[in-house]
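Encoded as structure tokens, here's the structure I'll be asking about.
The chains carry the letters A, B, C, D and E, assigned in the order they are written, with residues numbered from 1 in each.
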């Protein structure tokens, strides 16, 4: 059902102390959108993702997830979510994949994946295990399901983290530089999984430095600069003539890499 | 004075347990040579470098550094250096730059750089500081000289590690994947420094995955495979027609990276 | 209060006054005497072992009702607890190594009687000359400690031990030259030191050591004290104390009235 | 509360503080030196030396200090060999024996703490030192020891405080430090609570000062771990 | 030898009493450790709460009970505790003495001390949990309680094991000081045997050896627990003992 707005963000602002990191960001993601978020280091990409699933509280702005508005209260200059319950619910609808995997080190891969469905969604354990095994099969690490995270390579850990997020059947997946901690060989593995997700129509917001992903997999590219969306558009337009000077300079930098 | 042999290695062998990692490697580096050491993961590149400066003890073979032969004794099946003093001396003539920087965390950058000259070479402190500052200037991090390693970015740390090695005025520099722990932006910084060193005529042996460096900066490419030198030659010859099938397959793999 | 039951505490490690047998039961002079006293006072007694250091505070805290642990009756202690009449009174003396130059000091074998605060005793002055510059070991916070400080504090080095047993070991080791303590206690200690130690100088008796050893009882419990006083009197009168004393100490420690 | 009694108790106890401090500082010093010897044996790689060190640590960590002190003070003198040796003039002194047994005991703990610190030193930093030609004592002095000491500092602070408290046992061997004097006062006055309260305050203050000092040392040795100083914006 | 007979199990042997005393030491230390675990968890939670009042309470607790000699604390609890209970009893109309038994007073005192050390162990373990793993838990919508139960608790327990081993060792030796309450634990029984037989060295050495046996047994248990808990860790982190 393309056309359904899965995620909608209006005019998000965020400051750390006196430093305003996000200066009013708005973005909509519809069903099946794969949005690449590009930008120089420090431009606020991670902060933006963290505001969406409330790991940081935005100072201002509105967020809707799958049509549900996140209620905030403002009290003497500070904002906080009106209901922790709603926050927990919203988070269970947003899958987050961290740059540093953050798998729970005391659980096996399978336990990591079923943890959310069993204890947060309170679904029957047997069903969760069956689904988890299918997911691990899909990301290609089914044989590692009884291993602990510390015994896996970086690429395998990252794929386990993706499976863990998918097991919650999220409406939207948020990826924060899912490949930057990986060596080139492992990058390939993870991108392959993400490409498959995109083809299945999962809505995704991906902070990435992989230009080839931005160009070939995503259907929209958003370029952030100093806490603002400097420009955005279809990958083809962005990477060819239509780019702004700032974006051209940004990708030029990458172009010289090899 | 090109033509002087700075480093000469004959028939080095090394086993871990029953696994023979190096199966007879020979190599000569003359003054000003910049040799790129390529090879798949596990082919023994790091082990080879570590044998040269005796961080591992080769089971067999001979090494000369700047004409000085490293004496070994063989006792009931094991080899070890005849004299720790000679090992210390040889090591001070070989600069090693590690993949993971390995700066001393309890010292500032300047202290890291002067540590060897002052305490190993026992040179006057004031001279060492002056030279160290010049070196830090050269690698572009003079302003960070009083910072601690933990406060530097990866690229800055790696450049500090290079300065630290250079401060010993080594005859030969050994680099073990000096850029693989860095993100693309930082890779550029470090490669720039290495290119400058090459132009000054420093003898260098570089384990790297950066094909552009191998191709454009080094004057010899050595390709290792399963503990042996599979092929070697001038970059032009290696990267164009003259390559062996194994090397062609190896660089093919990289070619598909982007 | 109607005293039909009472708890008596003792250390259980101060042979031969009181000691613990290998089967965990208490034995020695005091446990045997306690049995007789309780029978005569018609009190059902329980004996419990506890540590010397905490005994008096624990009595006042109410953890038990009677202390029977070779407790000398002194003015200071009377400030905080009450006492029965004494059931024993023992002389005190110096001890030294048999092969020490201080052995057989002046007055050895004699007995002198002293009162509290008495000075100018000629036997003591003779010892003072002999013990000049020596080291004397005493058990801290005892009447004997006070005596040694008062009479020898100016001429000898005094070292305080937490227990008499520790001091005896050091006397054997030669770390100190002399010890001063209860003569009955010493006589027993010499045996376990393989008779390498012996008395030296005169035995000192008299009110200087207070009235002797009595039962410690909370000041408020006068009725309990009176019951035990009667019992003690009768055991002294019929020779029970003397018999037990001969059995355990080989000398009579009954207080001389 | 009887304040004049508290005050006079405090004065009596304070007079014993120097003894406590002497016991404490000497045993920390000698215990530290001995710990260095034990730990270098422990990590030497030589099975005999490291076995000895393991046994040492086991015995001195595993048994109560009270027993150790008793055996050192009263036990050693039982042996004629020792009593008639050149050591006796030293071992005769209670203070020497008290410091000896405190130092022997803390050396076992401290050696383990130092070993933990050594294990926390990144092998890579050691390798980097070797690669410029450092080895042996130079390597230990310049790289290993400073990093290991910094790592060991928090655990070492705890051990130092434990040591301060352990000096309380020295009255067993006739060295009358604060706790011993307090116990003696109690057996003279039978006012347990008041006397122990004064003693508790003294130890609390001493330990508080020590911990503050250690925290200061820790702070000054961890500049390399703190956030980088923010450059002032001109 | 006569002295060895004293250690045996015959009618003149102290063997049985020493074994009983060893078990008593074990029991009192284990009880103290359990009391300390509860107190330690509460104090650690207070110190981590961020609430200035709770933090101050936690700091005072750990400073006082680590800074005051154990013996003093044991005395304060043994005598002070009894007076307190007795006066509570009086207030409730009960005339007479209500004492803390030696075992309870001793275990409580050592437990309170042990709690101050355990608080630091737990706090350190909590701080060692990767922040990322906590964020990951929030990110799938785990609420506070669930996060605590599923992510924090298991990891704190694992990370705390080595520290708890040290605390156990400390408490084992602190329990020797309970001898002043007259409880027949190992230290007191050794002293009583020594005083009754006047074989001081024999019984102190025997007592020391029994402590060493307890130490080596408990070391073994803690090592096994640590290995078990660390099975999720990379192989290189294990077996370095």
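We adopt the following convention: contacts are C-beta pairs under 8 Å (C-beta built on N, C-alpha and C of every residue); 3 or more make two chains touch, one makes a residue touch a chain.
Protein identities per chain, from UniProt: A, B = ATP-binding cassette domain-containing protein; D, E = ABC transporter permease.
Quick caveat: nothing in here was measured; it's all calculated off a predicted structure.
Novice: Once the contact rule is applied, which chains count as partners of both chain A and chain E (ABC transporter permease)?
Specialist: none
Novice: Among the chains, which has its CA centre at the largest distance from chain A's?
Specialist: With centres defined by C-alpha atoms, farthest from chain A sits C.
Novice: If you tally the C-beta contacts, which comes out ahead, D-E or C-D?
Specialist: Pair with more contacting C-beta pairs, D-E versus C-D: D-E.
Novice: In whole angstrom, how far does the Cα centroid of chain D (ABC transporter permease) sit from the Cα centroid of chain E (ABC transporter permease)?
Specialist: So the centre of chain D (ABC transporter permease) lies 21 Å away from the centre of chain E (ABC transporter permease).
Novice: List the centre-to-centre spacing of chain C and chain D (ABC transporter permease) in whole Å, with centres computed as mean CA coordinates.
Specialist: Here the centre of chain D (ABC transporter permease) sits 39 Å away from the centre of chain C.
Novice: How many angstrom lie between the CA centroids of chain A and chain D (ABC transporter permease), rounded to a whole number?
Specialist: Using C-alpha averages as centres, the distance is 53 Å.
Novice: Once you find the CA centre of chain B and the CA centre of chain D (ABC transporter permease), what distance in Å lies between them?
Specialist: Going by mean C-alpha positions, chain B sits 45 Å from chain D (ABC transporter permease).
Novice: Check each residue of chain D (ABC transporter permease) and list the ones that touch at least two other chains.
Specialist: 74, 78, 192
Novice: What residues in chain B touch two or more of the other chains?
Specialist: None at all.
Novice: Give me the residues of chain E (ABC transporter permease) that touch two or more other chains.
Specialist: Expected reply: 75, 79, 200.
Novice: Show me the residue ranges of chain B that touch chain D (ABC transporter permease) in the complex, using the header's touch definition.
Specialist: Those residues of chain B that touch chain D (ABC transporter permease) are 53, 55, 84, 87-92, 94-96, 98, 100, 102-108, 115-116, 119-120, 147-151, 161, 164-165, 168.
Novice: Can you name the residues of chain D (ABC transporter permease) that touch chain B in the complex?
Specialist: On the chain D (ABC transporter permease) side, the touching residues are 122, 124-125, 127-136, 138, 142-143, 146-147, 150, 221, 223-225, 227-228.
Novice: For the complex, which residues does chain C have touching chain E (ABC transporter permease)?
Specialist: For this pair, the touching residues of chain C are 9, 11-15, 19-24, 48-51, 53-54, 57-58, 61-63, 163, 165, 169, 189, 192.
Novice: Considering only the defined contacts, which chain E (ABC transporter permease) positions touch chain D (ABC transporter permease) in the complex?
Specialist: 63-64, 66-72, 75-76, 79-80, 169-170, 173, 176, 187, 190, 200-201, 204-205, 207-208, 211-212, 214-216, 240
Novice: For the complex, give me every residue of chain E (ABC transporter permease) touching chain C.
Specialist: For chain E (ABC transporter permease) paired with chain C, touching residues are 6, 11-14, 16-17, 20, 75, 78-79, 82-83, 86, 96-97, 99, 179-182, 184, 188, 191-200.
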